[in-house]
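Naming follows writing order (A, B, C and D), and every chain is counted from residue 1.
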Amino acid sequence: MGIDQHFPALIIAILFGIAFLSPPLFRWARKFSAPALITGLALSLIMAVYLLVLVLQGGEFTYHMGGWPPPWGVEFKVNLLRAYMLIVVLAVSLWIMVYALKDLEHELKKDLLGWYYSLYALLVGSMAGMALTNDLFNLFVLMEICAISACGIISIKEDRACLEASFKYLILSAMGTGCFLLGVAMLYMVTGQLNYDLVNEALPAAIELYPNNMLAASALFIVSFGTKAALFPLHVWLPDAHASAPSPSSAMLSGLVIKIYAFALFIMFYQVFPRSLLESIPLNEIVIWLASAGIMFGSIFAMVQVDLKKMLAYSSIGQIGYVFLGIGLDDTIAITGGFYHLLVHAIMKSMLFMCAGVIIYSTGIRQIKQLGGIGQVLPVTMIAFTIGSASMIGIPGTGGLISKWYLALGALEIGRPIFVVIILVSSLLNAVYYMPIIVNAFMQQEEFQHEVKPVPRQMLIPLVVGMAGVIFFGVFSRPVITLLENAMQIFL
Amino acid sequence: MDETTAIAVILFIILFPIIMTPIVMSMGGKSEKLRNALAMATSAVTFLMVFSLYPVVVRGDVIQHTFFEILPNLEISIRLDILSFCLTAVASFVWFLCTVYSLDYMAEEHGGSRYYAVLVFTLGSCLGIFLAGDFFTLFVFFELMSLISYILVVHEETEQALKAGYKYLIMTIIGGLALFFGIIITFELGGTVSLGVGAIIKEGTLLALLAFICFLVGFGMKAGMFPLHVWLPDAHPVAPSPASALLSGIMLKTGAYGLFRVVFHAFSIEVIQTSNWDIILGVLAVITILLGSAVALTQDDIKRRLAYSSVGQMGYVLLGLSVLNENALTGTMFHIFSHAIMKSCLFLAAGAIIWKTGKRQISDMGGVGRKMPYTMVCFSIAALAMIGIPPLNGFLSKWTLGLGALDANLTIYALVLLISSLLNALYYLPIIVPAFFEMVGENEHSFALRSNIQDVTPRMLAPLVILALCTIVFGLSPINVLFDLSRWTSLFFLEGGFM
Amino acid sequence: MTEILPEILNALLLLFLVVCAIAVAQIRDMLSAVIVFASFGLIMAVIWQQLSAPDVAMVEAALGTGVTTLLLIATISKTKRTE
Amino acid sequence: MEMLIKILHNYYYMVAILLFIIGMHTMLTHSNLIKKVIAMNIMDTSVFLLFVAIGYTYGGEAPIIREGSEVLYVNPLPGSLMLTGIVVAVSITAYALSLVVKIYRFYGTVDYDEICLIRSQE
């Protein structure tokens, strides 16, 4: 039994370990603290890729924490979809961290950096755990860790807006986790199990006896994950939280944190709940209509924003709607599209927030109106912004088009072209609010008025990587799509 | 020329201008002369390479080649058949002339490097549209061209240009999304979007109708079809004149080309006719023709008048597509050629006048013909061709279209053609007649009074003269290559040889 | 009778819980609200003891009631006492 | 009548859910931040109550195993899980309260409506 058997636990252990090490390291050996975090993230990423290879070779496998098999111990499960999720989380967070190292220097007080790294590692660790765990109560604990550390990386920047936003986020998060725990209690009441697979086995019999319990549990899960993932109309906390946070935190929150809950909802619907439940209760209907409303309203709200980061935050509400739409459409192609969008949006939205971060770093501007002519002074940043926006709209050659293609194809497959129309209308709305920014940035004749600080290379390289990623996943989407389609086989 | 060489040539035609773009862009900083020469050489080489494909096409060969699959059954592929060749040829030809014309026209303008780079890039993507082997590739190039040509539209960067450009951008994106929807439905119904299959959708179901409408919106938007023409009269006039010539002369045709492909490849004549969708197309075409011509009458800005005229002229192309018989399709194809030549000539001539005199209003142009005789003669020839005066090519296309309409027992369409010719005469003659015959002293703005205006340089004049000669040659000459090509295209499609 | 007595006691305790919860929402003086909340926690601990979960009861009494109340009082002393 | 009996049989569950609803209602509707935190605790504790009640077996004893005695034990799993739950709840409370203190320092109030008013005036 080699060390690779323990990789699922090791990934989380490394990240949590770094979370504890970061503050003392920062205190006494400052120059090692950032490299330690980067190394830890890179190491876990390598292990995650190795896990994917293991799954591809030998199919899904489980890992029992401390050697205790379920129903007593916590079980981790690795299959294609979870490995995919894990890699997305780790890769994107590594990428954001490289950018963050420089950006944070001006956004935070110097002595808080160690704590930021700690919270960051905790956040990534909890998300990695949520991608892997196969136990409802473990998921609850990880959700709480995730909520605290996510609020932490917002409120660490001590200004009025951040504090208020993170409190709002915390309270609604607590409501979300409370609902989740109540839902788990409902399931536990009728099945006596907490392990996903065991619950799944016990549920069909339990549904016969206690149909109302299941109804309550599924409603609570939708409310809970909906709140956490900003599914319309439970999104109220998101715009403030994502807009006021330091830019790397915004990138992290918009790019990954809301996605992991969409993934969790997917797991609940397709792994924990038996198929018969989804067919008897129109859960999917609820999800897709809420998602559609989110797609439309997110875009409409984004159009009227004056603050760049707030606009990006509202845009996230629309974009997470695509992921939920894919999940709710209950069709292999659509779900593939949804999960592909999860990846693409993680890259492009993080990149857009990074661009906003660079603009704030270099010029201090947050208002969209003042961005006229900025393309001349910050060309790389604005090109990255252009490519990110193009992907949001779904211009050919970018990843956004591929995910929309799959979502639309899925919607047509089950005979509901109305959702294609919704996707297209929202793309148009995206164009309406992204295009003027780009046009003004490049086409303004008068000179850019504000002072411009030179942007360090360490902030620009991640942007270039992001651009490459968006275009790469727009052109060479085959491997990921194939992987996702294979991953879906065990769920549908 | 064997198939492998032909594929290599096609690839070269598409990629060469695109690869040249950054080179042209970066050259601008070092030497403007070299940059201009490079831009010109690019379009010239492309034009010559297109011509080398002529023997392949005349043999009646169809080249269809797939490079790689982006997604299962969704590939990047190229295709060369007679229709592609016709459009590629006329596009690269006009492009070359416009680039030559730009040399002097753009000499004192700002942002020359950007202009030439975009010009060259748009050439590549435009040819990519014509040579695409499936609807998805076509869509990719279509979006590329539409979005990049935005930079041409707003080149002047005035308030007005930005406003028009924004309208253009939004309409382009609406069109692109509609196209995307149409392609997705086609893919869903037929499992492929390749042009090599022919008649992908075999039944006129509700979903198929939706696809048809989406295609109509997507391509019709580009072609300036009513009611999606709103962006056109704003966007075309604000661009620099050579760019306007390309926008009106060539890029509008991508829409018509797309509809051609939709009618024959995504659907088939039977589906279109049994479901009566040709009537939708016909009615929209008639409205487009009459509306374009009627509104053109009221415009005083010369470039706006030309732009509205383009709307009307594209209506002819759509009309021919809705009739769907041999003569009508020949007329449509030939009108694509003629309109590309005539409208480029008109825009270039108008550009020359504006460049020299700074006047855009038609009412101020009395007597300009005496000061700039060559320019104005070219303008007049092209305008007469537009009206449809017999020996010119415009007459030939209208005549053939009219014959097609009569063959199909649609006398009303022939009547519409006549009325619109009359309207054309009504708005072109008031430009030409005062330009030559206005008496001295009749109007205080008259150009006859001013002495400091001379005709444009030979380099700008040459493209005008060549285009004007083309209108005469391809209307008059007994051996009319373009007309033959049009006839072949029409037969090629009607006899089902295109699969 | 010996069997029904604990049941009645439990029911009463539960009733008390609900009353406490509502009272927390209604009382405008924060310190009083915190004290009511502390009693809520203690009653909860007793109920858990009744439900044969002494470990949870102990933790609730120590952490849920003790630490939380301390934290709340500390917070109130740094902010406003009344609503 | 049957419904009433059902409810009576499950009165632990009913009270737990009632408490959950009271807690959630207070948390979402009260504008005082400290009260929101207290309500959050009530909400969490009510779910723990529900869990412990699920684990309870009528007449069962605490799962402390003594040598040689054969008695009915309650299910220890929910109880031990709730230990974790309580710890998590306390840490969230501590964090939330520290935020409240910070907010008070910046806004001079712990009333959410007033904070919104101040922010809208900025």
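As a convention for this text, a residue touches a chain if its C-beta (ideal position, glycine included) is under 8 Å from a C-beta of that chain, and two chains touch if they have at least 3 such contacts.
In this text the structure is predicted, and so the values were computed from the model without any measurement.
Here the two chains linked by the largest count of contacting C-beta pairs are C-D.
Remark: the per-chain Cα centre closest to the mean position of all protein Cα atoms belongs to A. Chain A and chain D, compared by their mean Cα positions, are separated by 28 Å. Chain geometry summary: the mean Cα position of chain B and that of chain D are 70 Å apart. In this assembly, the C-alpha centroid of chain A lies 45 Å from the C-alpha centroid of chain B. The geometric centre of chain A is 38 Å away from that of chain C, both derived from CA atoms.
Chain contacts: chain D has residues 23, 78, 100 touching two or more partner chains.
Counting partners per residue, chain A has no residue that reaches two or more other chains.
Shared contact sites, meaning residues of chain B that touch two or more other chains, are absent.
Taken pairwise by the contact criterion, the protein chains link up end to end in a single open path, with no chain closing the loop.
Touching chain pairs in this entry, ordered by label, are A-B, A-D, C-D. On the side of chain D, the complex with chain A involves touching residues 13, 17, 20, 23-24, 27-28, 33, 36, 40, 43-44, 47, 50-51, 54, 75, 77-78, 81, 84-85, 88, 91-92, 95-96, 99-100, 102-103, 106-107, 115, 119. Chain C makes touch with chain D in their complex at residues 11, 14, 17-18, 21-22, 24-25, 30, 33-34, 37, 40-41, 44, 47-48, 51-56, 59-60, 63-64, 67-68, 71-72, 74-76, 78-80, 83. Looking at the complex, you find that chain A touches chain B at residues 393-397, 401-402, 404-405, 408-409, 412-413, 417, 420-421, 424, 427-428, 431-432, 435-436, 439, 443-445, 475, 477-478, 481.
Against chain C, in their complex, chain D makes its touches with residues 11-12, 15, 18-19, 22-23, 25-26, 30, 32, 34-35, 37-39, 41-42, 45, 48-49, 52-53, 55-56, 60-63, 74, 78-80, 82-83, 86-87, 89-90, 93-94, 97, 100-101, 104, 109-111.
The residues of chain B lying in touch with chain A in their complex are 69-71, 74, 139-140, 143-144, 147, 154, 157, 162, 165-166, 169-170, 173-174, 176-178, 180-181, 184-185, 187-188, 207, 210.
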